[in-house]
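The same chain A turns up in both complexes below, where it pairs with chain B and then with chain C.
After this line comes the complex of A and B, so read on.
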């Protein structure tokens, strides 16, 4: 036990919390604003604290507060009180656990020690995800059953049938990926993707295994119970599905658990198919070698982007009335933006002048990789939201047909092709 | 520390198994079976068999018991339709007594185990080591078991098929 170990572990835990639990309000915000964008309306933008709206982000926090303070109502017909309360806990906990093995950065070397940059530093990777993603369906099943309500039971039955069918296709699509990468450890999978194929394309999973990628993304949508696979809720058919009887924080746990599960699925998709924490064409070694150049690029790039952002704020967040409280937000935001820029530029310049040293370079690499991972995670989450508001829900029989008759044969075919290629060419 | 974790896990495993037998409601029995299975997975992890630990959760807890509970819930058995079990406690008591000799055998076998154990190889229980062992030393039994499973699968499909109307 030393100070460096403790601080790295604390940083990892905080990062894992931020990316999963901390992302929930932001994901809710993205969901509603993107829904607004797609349906040609504004979405929530009125809620504010002394004029600070942050584009509607405050609304998510207001919603959370509302859920916390609502009456926790439980219908008299519910006999299985224990299981009724246990169900949201299972959903939340298993969603949370699946996120814990996602690597945020390459192995961090400080002095003699090497650290894994994961919430839980273990190398079980994909298996861990499969295990706990499979457990989350118990929460939905128990919740629907304990609610003692037809609609709830229908919802949980649908959900269980869906998860069982899609888990098969998901597992099979993962097999071909494992053959390609030759490891279940997510860090070595990402490092495998740091090179290039044919000299031009980054060797990301989606380039090497496009079919497996497609199957995995579709099944990941189904595992996360998101539209077009949200027949477990199906509000136009079975009221609210498995969470019809839930209110207040017990519903809140289901709600947050769904977003954490979505974030975990996105993280796994990013890790397996989109190069994980690697910037395209810049793997860890290249970043180590050219750190100074890279820092200079950041010094130029960040102020430029901030300039565009500041101009956007000035154009769009201005109100004609002199006393309008919202004008204050623009002023403060612009000042904060300028301050952050000065800090970044001066700090980086200091680093460049004084020289980073080996440990400094390693830490800077880790920071850049965590940032890359965060951006990719947000983009993938955006895709989840985008699909939800674009595609209609599958009918139940169509969903089962897709799972068993299309995805599963394709996945098996992909295993054969991959295995043949690996054996013949010895890749 | 390891001893405490082992004891807690074993308590959960035994408690789950007892619950599985004793509960009246089928859903409760199935759920307590999951407790046993996850506790067993934890014991595998304690024995540094990491692959078995994960596979135990994926296959048993994640797939088989899910299917079991799915079917129990699907049938939606009413409280009044459950069989009355008036002699349950007595049956269990005599069943336990009948199993005592077996327990005695197991205990003897356990006591005969060599107590001094060699230290494990560093890759013990990992996927690669396990796969090498399975596909080199135990290849024939492994393939035979696969065929057995395939036969069972086909049998299940044949029995589950609806009779065609003549």
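After this line comes the complex of A and C, so read on.
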């Protein structure tokens, strides 16, 4: 045990927590604001602490507080109290554990030590994801059954049937992508995607295996119980589905678990198909070689983006009333933005003048890759939200048709094609 | 009767693929999102308590008011027509003799329970002397106690007609 090992492990755990658990309130906020803007309204923008609304983000924390302090009601008809309480824990824990194997950056080399930048440093990546993603449906089933309510039972049965149909297609689409990459270790999968094909396109999974990518993304939506596959809830048909009988923080765990599962699904999509932590055309070696150039580019790029953002704040984040307390926020935010920019530019300039050294270059690479991963994750989560507010819910039989008659044959066909190409051309 | 054969839509490969339609829908929603986020003043809704609705005309049935004569005295003659016409039975009148010679009767008490009122405008239609109107334009009426929703004669007289802004 040495100090570097401990600090890297702590950083990894904190990152994993931030991306999964910490993302939940942010994702709820994104969901509500994006839904509003798509439907030509504003969404929650009132809740504030001394005038600071952060674009409505405070509302998410207020909602969390509300869920924590509400009465934890349990109907008398619920006989299986233990399983009733266990269900949200299973859903939440499995969604949370799914995220732990996502790599945030390439292997970090400090001195003679090499670290895996994952919350849980194991090389079983995809198997771990499949195991825990499949486990979360047990929570839904137990919850629906223990609720002793016909709507809950219907919801959980639907969910179980859905997961069985889509897990098959998901597993098969993963087989073809694994044949391509030749590994189940997520880090080596991402490193495979750092190269280019034909010298022009980044060899991302979506370029090499577009069909597998499409099938996996569709099944990931079903796996995360998101629209258009959220028949487990189906509030227009079966009240609230499996969580009808739940209230307060027990419901909150289901709710947060859904968003963590969504974040985990996005992370796996990003890792498998969208190049993971790699910027297109910049894999780890290229970043190591051209770190100084890259830092200069960041020094130009960050202030430019901030300028753009500041203009947006000045134009949009204001209120007509002169004495409105919320008008203070823009001024403070602009100052904070300027301060952060000065810090970044001065810090990077210092690094450039003093020289980073080998360890410094490695750490800077890791930081850039974590940032890239975060941005990609955010964009993928946005796609999840965007799809939810575009597409209507599938009817139950259409959903099963799509799963068994379309996605599964396509996935099997894809395996055959991939295997043939790999065997014949030996790539 | 001739038979009109309607061609069924959705049979072509493009329709059955779903994907082009899905991307078309997503393009529409993204366009709305981008337009609205780049300039939030383009959002169709308005921030209600700060921005009041501008489309409330004098024909809007708001909270009632009792009109006055030219000399400023109450126009109502306590004929009970409005209370009779009221389907919600929310108007309570007690008449008294009018002693200033302008007319014979006037209301001693004229209260409207706004919580009971269905805002049908029947009282305005029924009134023979144009003494009650609903043209105040007050669309939001809030109070802390139930008693505060029972509007007295003085309160009703104090309401003014909404000024035409258009």
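Just so it is clear, the second predicted complex is superposed on the first by the 424 of 427 C-alpha atoms of A that agree within 3 Å, B and C clash if a C-alpha of one lies under 4 Å from a C-alpha of the other, contacts with A are read in each partner's own complex, and residues count from 1 in each chain.
Note that in this section a residue touches a chain if its C-beta (ideal position, glycine included) is under 8 Å from a C-beta of that chain, and two chains touch if they have at least 3 such contacts.
Bear in mind the structure is a predicted one, so any value in this text is a computation, not a measurement.
Colleague: Given the alignment on chain A, is it a clash or a fit between chain B and chain C?
Modeller: In the superposition, chain B and chain C stay clear of each other.
Colleague: Is A:239 in contact with chain B, with chain C, with both, or with neither (first, second, both, neither)?
Modeller: In the superposed model, A:239 contacts neither chain B nor chain C.
Colleague: Applying the touch criterion given at the start, work out whether A:348 contacts chain B, chain C, both or neither, answering first, second, both or neither.
Modeller: In the superposed model, A:348 contacts neither chain B nor chain C.
Colleague: Scan A:93 for contacts with chain B and chain C and give back first, second, both or neither.
Modeller: A:93 contacts neither chain B nor chain C.
Colleague: Just chain B (first), just chain C (second), both, or neither: which does A:211 touch?
Modeller: Neither chain B nor chain C is touched by A:211.
Colleague: Once the shared chain is lined up, is A:9 touching chain B (first), chain C (second), both, or neither of them?
Modeller: Neither: A:9 stays clear of chain B and chain C.
Colleague: Is A:390 in contact with chain B, with chain C, with both, or with neither (first, second, both, neither)?
Modeller: Second partner only, chain C.
Colleague: Once the two structures are placed together by chain A, how many degrees is the angle at chain A between chain B and chain C, based on Cα centres and rounded to a multiple of 10?
Modeller: Placing chain A at the corner, the angle measures out to 120 degrees.
Colleague: In the overlaid three-chain picture, which partner chain does A:64 touch, first (chain B) or second (chain C), both, or neither?
Modeller: Once the two structures are laid over each other on A, A:64 reaches no partner at all.
Colleague: Go through the superposed model and pick first if A:316 touches only chain B, second if only chain C, both, or neither.
Modeller: Second partner only, chain C.
Colleague: Across all Cα pairs of chain B and chain C, what is the smallest distance in the superposition, given in whole Å?
Modeller: For chain B and chain C in the superposition, the minimum C-alpha gap reads 29 Å.
Colleague: Following superposition on chain A, which residues of chain A contact chain B and also contact chain C?
Modeller: Shared contact residues on chain A (touching chain B in one complex, chain C in the other): none at all.
Colleague: Under the definition above, what is the set of chain C residues touching chain A in their complex?
Modeller: Going through chain C, the ones touching chain A are 22, 25-26, 28-30, 32-33, 36-41, 43-45, 47, 50-51.
Colleague: If you look only at chain A, which of its residues touch chain C in the complex?
Modeller: 34, 37-42, 312, 315-316, 319-321, 324, 386-387, 389-391
Colleague: Could you please specify the touching residues of chain B with respect to chain A in the complex?
Modeller: For this pair, the touching residues of chain B are 27, 31, 34, 50-51, 54-55, 57-58, 61-63, 66-67, 69-70, 73-74, 76, 127.
Colleague: Tell me, which parts of chain A touch chain B in their complex?
Modeller: 83, 122, 124, 127-128, 130-132, 134-135, 137-138, 141-142, 144-145, 153, 156-157, 160-161, 163-164, 167, 184
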